[in-house]
Each structure stands twice: as structure tokens, then as C-alpha cells.
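Presented below are the structures under discussion, each in the form of C-alpha cells.
Look at the two complexes coming up: chain A is in both, with chain B in one and chain C in the other.
Up next is the complex of A and B:
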């Protein structure tokens, strides 16, 4: 009885979630009343067949996944050394300072950051003004309203998530192992490549899975910085609803997209498990 | 970390570049918000508070600011009221991992999908009031963030004081209220901050639940940026950055950022 009472709030939330997602995906079985935002029966799989036959969404899906994977790799490459530095620096001041910058960036919100990149990267923004003033370019260099601008802002958005995840993983690598490797004659670079890096790879996989999930569902950044020219799946779904008013097809695209991103995340999770087994530190920590 | 002069120089260069990249948008927005001109132009002209006045006097932003604060004032306690018993259940019950995974769904599912799904559900239930929709929708969305902070607190919890209280005859509720909850203070604080930030910053779910009369700050900011080219949003962003800085200081003072990462 008492336990049920403790579980009650969570159950209410679960019911809301199940009701919301369930009813939304169920509308995929209905049909749009032409020219309106309402839906009607009879139940059919037409929307699913239309989706599987491949319509406008296939290039959008491919673009989104390719873009998200690329951004995840860039984030990992830029972020790993920072995570390593934060985990291993001897200066507490520097560690707290870098952590504070990351947490502040994370807490300052996505609208703030998307806007910040808009005014930096725009044709009359800071970067182009500086380059024009310095005489390095004649014409403003277009960064905004194409994938480059959206990508820069998204890497900036993903970086704190990745670094904050990986710092913990590197800190968990036992120092004794690194010292043993040094004592046995390995240089710092070799110790890093053969001990620290492999042992921190599970955390890297976790951070990359998180970045991938966030990059895949990006909506505000392509909307603000892409100016309608960079269209990812989330924007495509949004257009299905607010431009085409086709809620059933939007539901089917969402379902298909969820299946694809779950598959991608499962691959990442499998990779993480594989790495954990390969480089397990059990018994040493 | 021992390294030679070249390694040192490369590290310094790298760290400076990454810090520049991380701080650039925030620093430039702060600077831009004090710029008197409508357009950004080099060299920089006069400074003024003109855009702060524009932000606080605006009949677009003022209602949005008020709505956002009201929503946050309801969402944060509501989220904690659900998160506290749920975190307890997850820490003490067995095989509750699925519960955490299920409640985390709105973080993994693209916000656009969650937003439409909520809109459909509220449509079926006949909830026409945007404020109600936003409050419920954002509470559900913020829950996993608070839950994560509380789970971390439970992971480092010493159970003996609670057991001692129970042995001395305290009811479970009294032991929880008097002994366990005070130990979770740091997690509750972090959970409240995360819920506040997510509730005030969310765009992709909120855009579906809002209507023309009740909008949150991110939606008002997006619409302003879409239709105008002036630094009003820079003033708003500066205010939000200031709030974020206060949160960072509070987290560092009360919990310690290093500890936050270890459990995070």
C-alpha cells in the first residue's frame, strides 16, 4: 500500500507519456482530411507504405544521420583533450575554472547560444566584419544559412555534454597503471596511447552516444541558423505539421526516425559494452 | 602531467582556442547587448542600455518573461515532488531500472515528436489552456534531469543514519523526512537548478504547447530574431547568462563542481 503511494507520481507521469506517444503513433494509421489539420478513419497502413516507398524524407534522413555522425566525431576530437586536461591537471584552479566554463555554457541555454552564433557568423556579423576590416576578404563569407554555420553552433552545443561525460571516465583510470607503464620505460605519449586512451574509451563511447542522440534531434539550431536551407528530420516533421498539416504522415516519419535513431544508439551501446569488456579495469580500482 | 616546452606551448594554444570557441558566443552577445546601434559595425560606437529597456518594455517579451517565470515557479516544485519519491523507489526497490529508462524517453525522443504527442493528447483530453499545457508538458520533460541529480545523491548516501532512526522507532515517513531528505540537500538543489534551466530554455516542445497569447521566452526570442535585426535578444541572452553564472557559483559553493561531475 505504502509502496504504491510512493510509486504513484511516477506512474501518473508514465501514463501521460504512454498516452501522448501512443495516441500520436496511432494517428499514423489514420488519414489526413485533405486541406485541413484534422484526421479521420478508416484505419490503414497507407502512411507506412508511403513512408517505406520512400518519399521526400529519404534524403533528409541520410543528411541528418551523416551530419550527426560527422558532428559527433568532430566533438569527440575537439573535446577529448579538454576532458583529459581537466581530469589530469594538477592545478585545482584550472580544473574548476574549465569546469565552470563548461557548466556555465551548458546552463546558459540553447537560445542564447544559437543567437550568439547568429550574430558572430552572419554576413554583417563579428567574424565577417573583422575579416573585411583586415582586408582578408572582399565579400562577406557566407557561413550562416548553410550546414557550416549550423555545424559550428551544434558542436558548441554538444561539447559540454561530451566533455563532462568523459572527464569522469578519465578520472577513473587508475593512476597506478599509468605510473607502472612509465616505470616500465614507456614515454608519456606511449603511456597515453596504450593505457589511458584505451581505458577511457568506454566513457568516450558514452559521450559520443549522448552527442549523437542530441545531434540527431537538433531542431532549434537548424531552424535559427539554417534559415530554412538546412533541413534535418526534426524540421521536416515540423513542416509536415505546420506547413502540410499532415499529422498522420508526421507520426509515421517520427516513428521511422525513432526506429533509426534507436538502432544507431544501440550500435553505440554495443560498442561501449564491447570496449568495457575489452578494457575492463575491474579489480584494479 | 610532465611535458616539455613544445608540449606545453601546444597545450596552451589548444586550451586557449577551445576556451575562445566556448566563450565566444556568450561574450560577444554580452558586448553586443550594450551596443547603442541597431546594426553591428566596426569600429564600435557608443554604449547604452537601450536594448535592455527595449527588452523589459516590449509587449512581446514582457508577457513571455512573466509566463516563463510562472511556468518555472510551478514546474520546479512539481518536478521535485515527482522526482523525490521516484528516486527513492529507484534507489531502494529492486529492478526499477526500467522506470528510469522509461521516464528518460522525452530526453532521447526528439523534442518535436514529444511536443506534437503532448499536443495531441491535450487535444483529446480537451485541455485548451496553453498555460496548463506548458506546465504539465514541461514538468514531464524536466523530470529525468532532476531524477539524474537525485539518483547521484542516493548513490553517495550513507544509509546507516536512516536505519538507526528506524531502529529507534521512527516511522518510515519520519525517518525519510528527518534523516534521509536532509542528506539529499545537494541533489535537490542540483535537481531544482536543472529543472529550472530546462523549463525556461526548452523550445522544441514548448513551441507546440504555446499559443499566440501565452508564449515562453525562447519562442518570443525566436520570433523576434526571425522578424527583426536588432540586439533586443542580446539583452535577454545577457540576463539569462547572468542567471546561469549565479547557478554555477551556487553549485560550486554548495556541492562543488568536481563532485557534480563525479556523480553526474
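Up next is the complex of A and C:
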């Protein structure tokens, strides 16, 4: 009974959050008053049926999921070595320095960073000027206003989330386990593959889930660096509300998107469990 | 510090260490460690925490790169090899079992690295688990085992790769007392049956005496004595070895003829010549209590503190020049606090002369 009382504040917070979401989804049961931004009854499932029939959102969904999965994989590939270095370096100075740089990118606002990327990646930006002056290219290489530029900015945005999650996971792998592996005749590379990596896998999965969720919900970077050509689900929903004024359909799209995102995270968790079970019996060699 | 001659005149010792030194900054973790251990013998490295015993063990296993010195295993210099290429296997403190692998996968780990056929691995894993009586636990995860069982798995994981040197770092410190004694005997029997050269790190002198063929007593990075357990106990080489192995009466005094005179305490018969500056070392068990007027009494004092230690009571006898610790059998009529008693040698040969 006492434990339930302690849980009360957390439940109130959750109820408010869920309620806010819930009211948004309930809006999906209403319909747009034509030509206005208002909504009115009667209740119907029309919007949900329109969504399930593929109300123009399917290509955006596919693009967004494909893009987010790709960004998550790139983030993990770049982030894991970085996290490993931070977790395992002998030098306290280097560890603190790298962590400080990561936290600093955390603290700088997204708008600032988006402008920063414009300055660097633009047709007459720092990178292109450098390449042109070095004679490596003759025409400016277009990076901005396409997926490449948005992707670069998003990976940069996702990296600290992933790295800070995984550093802890790697540091929690006891050194003695790596030593035991070496002691039993396993070189450094195979020790990493058979001991360090599998034991840090739960943290990697956490970091990837976080990255995937953040990449799926990306809004600002595609808006500012996509030049209207990179449209992800969040931008699509934004357009439904502020361009088409169809708030009920926007609500339905976000509800559907939430379900898809949860499914994606569940699939990831399942993959992780499968992988760990194979390690348990020594099946992965 | 030379071990026994090899039978059959084989010159290579199981393990030979010479001049081994390791500094961390200005601090010397181990200094000029040297000894020679015959094949199949069990050596314990005994000393307080921070004495360098673990550093020495890790240097043999390849986890610490020594600054100077050589490590030879059966004549082969392994000093430059990484841990995975050394013929050593370590039971780590806390066991370091792989938590994401079953017991069988833990034991099979080292064999898979050697690219041994699957069928042979299965057989050897089965044999190793049988040797430590854990056949029924093969499919469990380490977290499902008790401390004693985890330790057996760690041991099986090492033995299955047939190392030429088995290293154990404080293997029993996490176990409760009954289990610890059981495991000590079990390890010793297994080690003797397999004839594997073994080095054990411990801070527990009792454990060292139970397990060992040889004991190396270390303090502050130096090897104080390399000897048989009885040698360490009966003839400690230094004052440190004496006090670390429970010789609590270390008396300062002067030799006068055949007697050692301790000011304010008494006169004790000398077992050997005592150059000036020597100490006389007496274990509490080497002394007994007598009537104050007994001609055998070496010292006279008053019973102070009495502590029950089991079969014996440990008495502190306050003399004018200091206190003596005496262990007496517990029986009716045992001394009570405040009584005036004489202290005599129970066995004159148990007195030890120590260089200061």
C-alpha cells in the first residue's frame, strides 16, 4: 500500500502526459470544418479509415523509417568506437575532454547548430570553398537541401545521445572479463567481439533505440536544411496542421506514426534478445 | 632461494623468476623477486595487501609488464608474450566468469580459441565439469550459481585448457569459512592429482600452510622468505615474517651466555647464538604458565586480558617491562585476570633468534 502511495506523483505526471496525447488522438475522431482550422462532430472513424487506406502519407512514412534506420546505423558505427575510446582510455584528461565536447554539443541549441551546418555545408560554404580552392572539385558539391545534408546534421545531433548512453555500458564491462578472455588464449580483437561487444550490447540497443526515436521525430533539421525537399513525418504532420488546417487527420497520422515507431522499437528489442541468447550458449563464434 | 633439485636431473624448473621488478611511477610494486619452483609444486604468495603479491601473479600471467627480470616456464622465457600466448591460466579474484555465457560455454571458451574439434571440446568440457563436481550445472548461467560453484567453474575453465602454470588470485576470500576450508582441500587434491605447477596469492597464513609445498612471504614489494610452510613457521627469516605469521612476542634484549635477558621481563634460554641487536621471537603457543616460584619460570607477571580463541585461551601477561602473549589450553582452574603467574618455555626449540 505504501509503495502505491510513493508511485502516486509519478502516476499523476504520466496521466497528464497520456491525457494530452489522448486528447490529440481523440481529435482524430472529429472532422475539419471546411476552409477553417476548427473541428466539429459528429464522431466518426473516417479519418482513421482514410489513413489506413493510404491517405498520401505512405511514401513519407517509408522515407522516414528508412532514413531513420540508416541514420541510427551510421550513428552506432561512428559512435561505438568513440564511446569505446572514451570508456577505455587510460588518460583521464582525454576522457573528460571528449565528454565535455559531447556535452557542449548537447547544450548548443538546434537552431544554432542548423545555421552552423548551413555555413559549413552550403554551396558557398566552408567545405565547398575549401574543396574548390584545393582544386579537388570544379563545381560546388551540393550537400544542403537534400538528404545528405540533413543526414549529416542529424547524425551529429544523435551522436552525443548514443555515445553518452554507450560509454556507461562499456565502462560497466569489468576489465577482469577481458583479462580472463586474453588469459584463455583469445587475442584483443576476438576478446572484443566475444566479450566486450556482447556485454555492452544492451547499452548499444538502448542508444540505438534512443537514436531511432529521435531520428524518427526529427523536425527542425529537415525543415531548415532540407529546403522542402526532405520531408519527414513530423514535417508532414506540421503541414497537415498549418497548411491544410486538417487537424483531425494530423492527429490520426501522429497516432499511426506512434504505433509504427513502437513496433520498430519492439523489433529492435527482439533482435537484441535473440542475439544475447545466441551468445549465452556460445553459438556465435 | 633455490627450490628442490628436479628428479631425473631435468634442469628446467616448472617456474623460475629472477630479478623481477615493476615500478608504478616512483613506487616499486615488486623489487628483485627471484625464486625457482619445481614442476607440479604449489607455491603461495603470502603477504598483507599492497605487498606486491598480486602484481607478481599478474606479471606471471602477462597482465603487468615488468620493468626488469625474467620469467621462465619449463625453461621457456615467457616475459615478452601477451597473456593469450602464455601457458598460464588464471582464476581471478571474483572469478570473472563470462556472465553472458552458460557454464558449459564458459568452460569451452579457451578450447574454442585453440580450434579444437567440436566433439573433443564437448568431451573435455564434460570431464572438467565432472572434476569439479558440477556436471549437473552445465546449462546454468553463472548468476544462477552460488559463490562456491562459481569458483569451481572458474577452476574448470582454467584446467580444461591444460595450462602449464595455474595462477589463483585470492581464490577463497569471498567464501565463508566452512566452504573455504572444503575448497582449499579440494583444490590441493585436484592440483596434486593433475601435477600442475600452481601459484596462489593469499593474505591468510593458515590458507598458505594448508595448501602449499612452498610459501613466499612478501612485504613492501620484497620477497622476505621462500621456504617450506614449516620453515616459515618454525624459522621466520625476518622480523616481518615472524610477526605476519603470528609470532606476537618479539622481545628486545641482550645475550648473556646461554640466556637472553629482556629488561623488565625476564631471562630466556637461547636456542642459538644471538648477535647484538637480535630479537627473541616466541609464539604464544611456545609459552606456558607456571607458578611464580617455579624454577622453570623465565618471567613473572600478572594476568591481564584473557581472550577465548577456541580450544585455547590467549592470555596477556603484564610484566614490568611489557606484556607477553601466552596461549594456554582451556580447562578448569585456568588463569583469571589479576592472578600472579610465571611464564616458562613450553618447548625451548620453539624460541627463534631474529636479526633486528
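The definition used in the following text is that the second predicted complex is superposed on the first by the 250 of 285 C-alpha atoms of A that agree within 3 Å, B and C clash if a C-alpha of one lies under 4 Å from a C-alpha of the other, contacts with A are read in each partner's own complex, and residues count from 1 in each chain.
Heads up, the rule we're going with is that contacts are C-beta pairs under 8 Å (C-beta built on N, C-alpha and C of every residue); 3 or more make two chains touch, one makes a residue touch a chain.
Every value quoted in this text rests on a predicted model; they were computed, and no experiment measured them.
Asker: Check the residue A:213 against both partner chains and state whether it touches chain B (first), chain C (second), both, or neither.
Answerer: first
Asker: First (chain B), second (chain C), both or neither: which does A:58 touch?
Answerer: Once the two structures are laid over each other on A, A:58 reaches no partner at all.
Asker: Check whether A:13 is in contact with chain B, with chain C, with both or with neither, and answer first, second, both or neither.
Answerer: The answer is first: A:13 touches chain B but not chain C.
Asker: Identify the partner contact of A:112: answer first if only chain B is touched, second if only chain C is, both if each is, neither if none is.
Answerer: The answer is first: A:112 touches chain B but not chain C.
Asker: Please name the chain, chain B or chain C, that touches the greater number of residues in chain A.
Answerer: Touching more of chain A: B.
Asker: So, does A:187 touch the first partner chain B, the second partner chain C, both, or neither?
Answerer: second
Asker: After the superposition on A, what does A:244 contact: first (chain B), second (chain C), both or neither?
Answerer: neither
Asker: Can you list the residues of chain A that meet both chain B and chain C?
Answerer: In the superposed arrangement, which is not itself an observed complex, chain A uses no residue for both chain B and chain C.
Asker: Would you mind writing out the residues of chain C in touch with chain A in their complex?
Answerer: 61-63, 82-85, 88-90, 92-94, 96-102, 104-105, 108-110, 112-114, 141, 157-158, 161
Asker: Can you name the residues of chain B that touch chain A in the complex?
Answerer: Residue positions touching the partner: 1-3, 11, 14-15, 18-19, 21-26, 28-29, 32, 39-42, 81-82, 85-86, 88-89, 93, 99, 102-103, 105-106, 108-114, 116-118, 120-121, 124, 136, 140, 143, 172, 193, 197, 200-201, 203-204, 217-218, 221-222, 225, 231, 233-234, 237, 240-241, 244-245, 247-248, 251-252, 257-258, 260-262, 264.
Asker: Would you mind writing out the residues of chain A in touch with chain B in their complex?
Answerer: 2-3, 6-10, 12-14, 16-17, 19-21, 23-24, 27, 78, 81-82, 85, 88-90, 95-96, 98-105, 107-113, 115-120, 124-126, 129-130, 133, 153, 156, 159-160, 164, 167-168, 171, 188, 213, 216-217, 219-220, 223-224, 233-234, 237-238, 241, 247, 250-251, 254, 257-258, 261, 265
Asker: For the complex, give me every residue of chain A touching chain C.
Answerer: Per the stated touch rule, the residues are 174, 176-177, 179-187, 190, 194-195, 198-199, 276, 279-282, 285.
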